[in-house]
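Below are two complexes that have chain A in common, paired first with chain B and then with chain C.
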Partner chain A sequence: MFKENPSINIRDISYSIDGKYLLNKTRLKISGNGITVVLGANGAGKTIFLKLLSGLLKAGNGEIKTGSKDFSFRNSAMVSQEPIILRRSVMSNILFVLNKVQPHQKIMASELIDTLGLSGKNNQSALTLSAGEKQRLSLARALITQPRILLLDEPTANIEPTSTIYIEKVLAKKSSSGTKIFFVTHDINQAKRLANDIIYVENGKVLEYTNSSVFFKKPITVNAQKYISGIISDAQTNN
Partner chain B sequence: MLKRIIKILALIPIIVFCSSPAFSKSILVQSSTSLKNSGFYNHIIPEIQEKLGINLRVVAVGTGQAVKNALNCDGDLLITHAKEAELDFLKTGFGLKRSELMYSHWLIIGPENTVNSLAIKNDISDAFLLIFKKKYKFVSRGDNSGTHMKELKVWKEAGLKPETFSSNWYLEVGTGQGATLNSSIQLEAFTLTDSATWFSFKNKNNAQVAYTDKRNVNIYSVTTINPSKCPNIKQKEAMQVVDFLTSEKGKILISNFSIKGERVFFPL
Partner chain C sequence: MGQITESFLEAFILILSLDTELFEILYLSFEITIVAVIISSIIGIPIGTILACTRFYFRKAIISIFFSLMGLPPVVVGLFVYLIFSRSGTLGWLGLLYSPTVMIIAQVIIITPIICCLTFQTIESLYLKYREFFLSFHIGKVKAIRAYIFDSRFELVTVILAGFGRSISEVGAIIIVGGNIDHLTRVMTTAIALETSKGNLSLAMGLGIILLLIAVFVNATMIFIKNKFLNPSDQGL
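This part shows the complex of A and B:
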């Protein structure tokens, strides 16, 4: 069931290390629904942006609001490129993030296992899963917390196509039922498949935030055009 | 005549280059991961090449695996940081001589909002006891590495048995140091690591040092392999490296290694 969520307002957030700004005075008003894909070259600031939204990093200044309220990091869950897998069963890996496991959450975990193509592996040691299966498990663990906002940092970068398909299908379904998704990828075709809107980051600055079809049809900046066409793959300075 | 002299002169650098001992000898070192990840080998290898003409080829694995590899005669030298495992290795007869080389510090890393609660503790086992009592999340490497062995030892000193811990807060990952740190940071959990690894780790996010153990230091030792058990090892070259690293020059070399201005290894 679709529900309209308040927009996410990012007001002048910055993050720096040793005086170097990795994200500088970012100001955005992002739709509270749909899938926002974050694009940009290596080192552009995409992961920093995601980590600030997840609460893993604290911004040096600025603020993030959901509508008029302070942004609650508790409502978000993050899936990173390298999945965190504990030495225990698949089911236990999903449930451990819950403070107290309710019966319905066990059912939900089983459903997630099935939906993500891991049927029959509930009691299998998670360390024996393939890389793609581990990433699917990682997504299941994020989803069991029923996050309002799901943040994914290149979750399909190193995995096989089957796992990518499972992950994309689940994300599309979650998005349509009201979960806001931020997704970092370098895969332009994947971005076209998933994105409702695009944030393009370069050298710690958001250069574009626009509707996906508009972005891919005609990006505003020359560097975004170059990035889409594959000319830029690493952080470049225009100084 | 002139042409002949030019030809001879042109050959000289090639002869010097080919006869340079740096390109003729090398030894295989089975090592703990922290030394490689910290960049320590990049610091010492060029000096050893220059002084001894010996190159070090480093296999970086957990201490448990490094010892296993040495038991298979896959290595000329062992550089690790788990005293009991090293002494056990000597007892097997595969290890010839163990020399303590240097030390770093054990650290407990934790989430920013909780670290202060551990800082006042007198002993690392007190800090572990507090983690247990508060049921703070703790990520264990669980991979039989030197760091894992140390962690188990500290739990024992605290009078606790990890095998009885609830899996709600005691989280075994069974992976290397970098992955363990990444996991503990994302899970907002505590974990045990060493100063060299922490200073060189780039993905710290909001995590901080919760406790520095200055009483029980993290000792790295070099152990030579017994040629009567492993006849094909390069014992002479391995001994030369050990003699150099434990000499005054070696100690100065170790002392000069730093990460972001922090000195991390202290020679013994």
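This part shows the complex of A and C:
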């Protein structure tokens, strides 16, 4: 069932290390629904942006407001590019993030395992899974907390297509049921498939925030145009 | 060469005949070592864990002190414990000098820093790996610490075995505080030293073989645990 979420207001957040701004005076009003894909070259500030949203990093100044107590980043979960897998079974990995495991959560964990194509691996040591399976497990672990906001930092980088398909399917389903998703990727085609709107970041600055179809049809900035067409390389943007 | 072969043969006869004196020494060695390792683990593992996953003032200084204590010369520890527990020492009234208890105390002083530092290194590598994940899921400190210990359980077994290996082969400190008294404080290492000086090479050799076998067994177990349960790519090693 679709839930209408309030929008997310980002007011002038900045993040710097040793005086160097990795994200500078970012001001955005992001839709509280759908999938927002964050695009940009390596070192552009995408991960910093995601970590600031999740609260893993504290902004030097500015604020992030979600307009509702229930729909907040306190109720978010993050999936990173390199999944952190605990040295225990697949099921234990999923249940670990819960405070007190209720019987219905065990059922939910089993369902997530099945949905993400890990059937029959409940009691298998999670360390023996393939890279793609580990990433799927990481997503299942995030979903068991029933987050209102899901933050994913290049979750499909370096994994096999099967896992990517599973992950994309689950994300599309979650998004349509009201979970706000932020998704960082380098894959333009994946962004086209998933995104409702796009944030384009370059050198620590958000250059664009537009509807996905508009962005891919006619990006406002020249830099975004170049990025889409593959002209901007990581080296160029970093310098 | 003939004397070595003869001693070897006599040593094996002693072992196979379950010689009472030899097994009395063996029993006391294990008793002292195991108790010392248990006490050191109870002290060292929590301290190492706290140092690895908390941040406070003087933390680095405390870590440096523990690492320095790893290199404590056992004879100095023995002398220090002797002075404390000798009749004129601070704790002389306890009358513990030349008893297994004081030998355990000396062992604990020697191996606690080893267990603490190895635990610190093990837990810290997991802490650095898990920290962000735990933060993002709002995992509490107690649950996190339990996870660090649980997930490094196999490494911690090897840490304890390392402490055991160090403890069972200790001689310098325990000969000073234990006095190498027959039927009371004589352990494998002190007995080897004494029997060699007396020329009783068969008993010394017998004990030496057993000590060597224990060392081999401990190391083999450590290697087995590492190979069987620990995947280097998952440890960030």
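The rule we apply is simple: the second predicted complex is superposed on the first by the 228 of 239 C-alpha atoms of A that agree within 3 Å, B and C clash if a C-alpha of one lies under 4 Å from a C-alpha of the other, contacts with A are read in each partner's own complex, and residues count from 1 in each chain.
In the analysis below, a residue touches a chain if its C-beta (ideal position, glycine included) is under 8 Å from a C-beta of that chain, and two chains touch if they have at least 3 such contacts.
Predicted, not measured: the structure shown is a model, and the values here were computed from it.
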Chain A as common anchor, with chain B and chain C clashing or fitting: clash
Partner chain(s) touched by A:K58 [first = chain B, second = chain C, both, neither]: first
Touched partner set for A:L86, first chain B, second chain C, both or neither: both
Which of chain B and chain C A:F96 touches, first, second, both or neither: both
Touched partner set for A:I159, first chain B, second chain C, both or neither: neither
Touching partner for A:T145 - first (chain B), second (chain C), both, neither: second
Chain B versus chain C as contact partner of A:L116, first or second or both or neither: neither
Contacts of A:A77 with chain B and chain C, given as first, second, both or neither: second
Shared contact residues on chain A - chain B and chain C: 56, 78, 80, 84-88, 96, 127
In the complex with chain A, residue positions of chain B that touch it: 142, 167-168, 171-174, 179, 182-183, 185-187, 205-206
Complex contact set, residues of chain A against chain B: 51, 56-58, 78, 80, 82, 84-88, 92, 96, 127
Touching residues (chain side chain C, partner chain A) in the complex: 129-130, 132-133, 135-139, 147, 150-151, 231, 234
Interface residues, chain A side, partner chain C - complex: 54, 56, 74, 77-78, 80, 84-88, 96-97, 127, 145
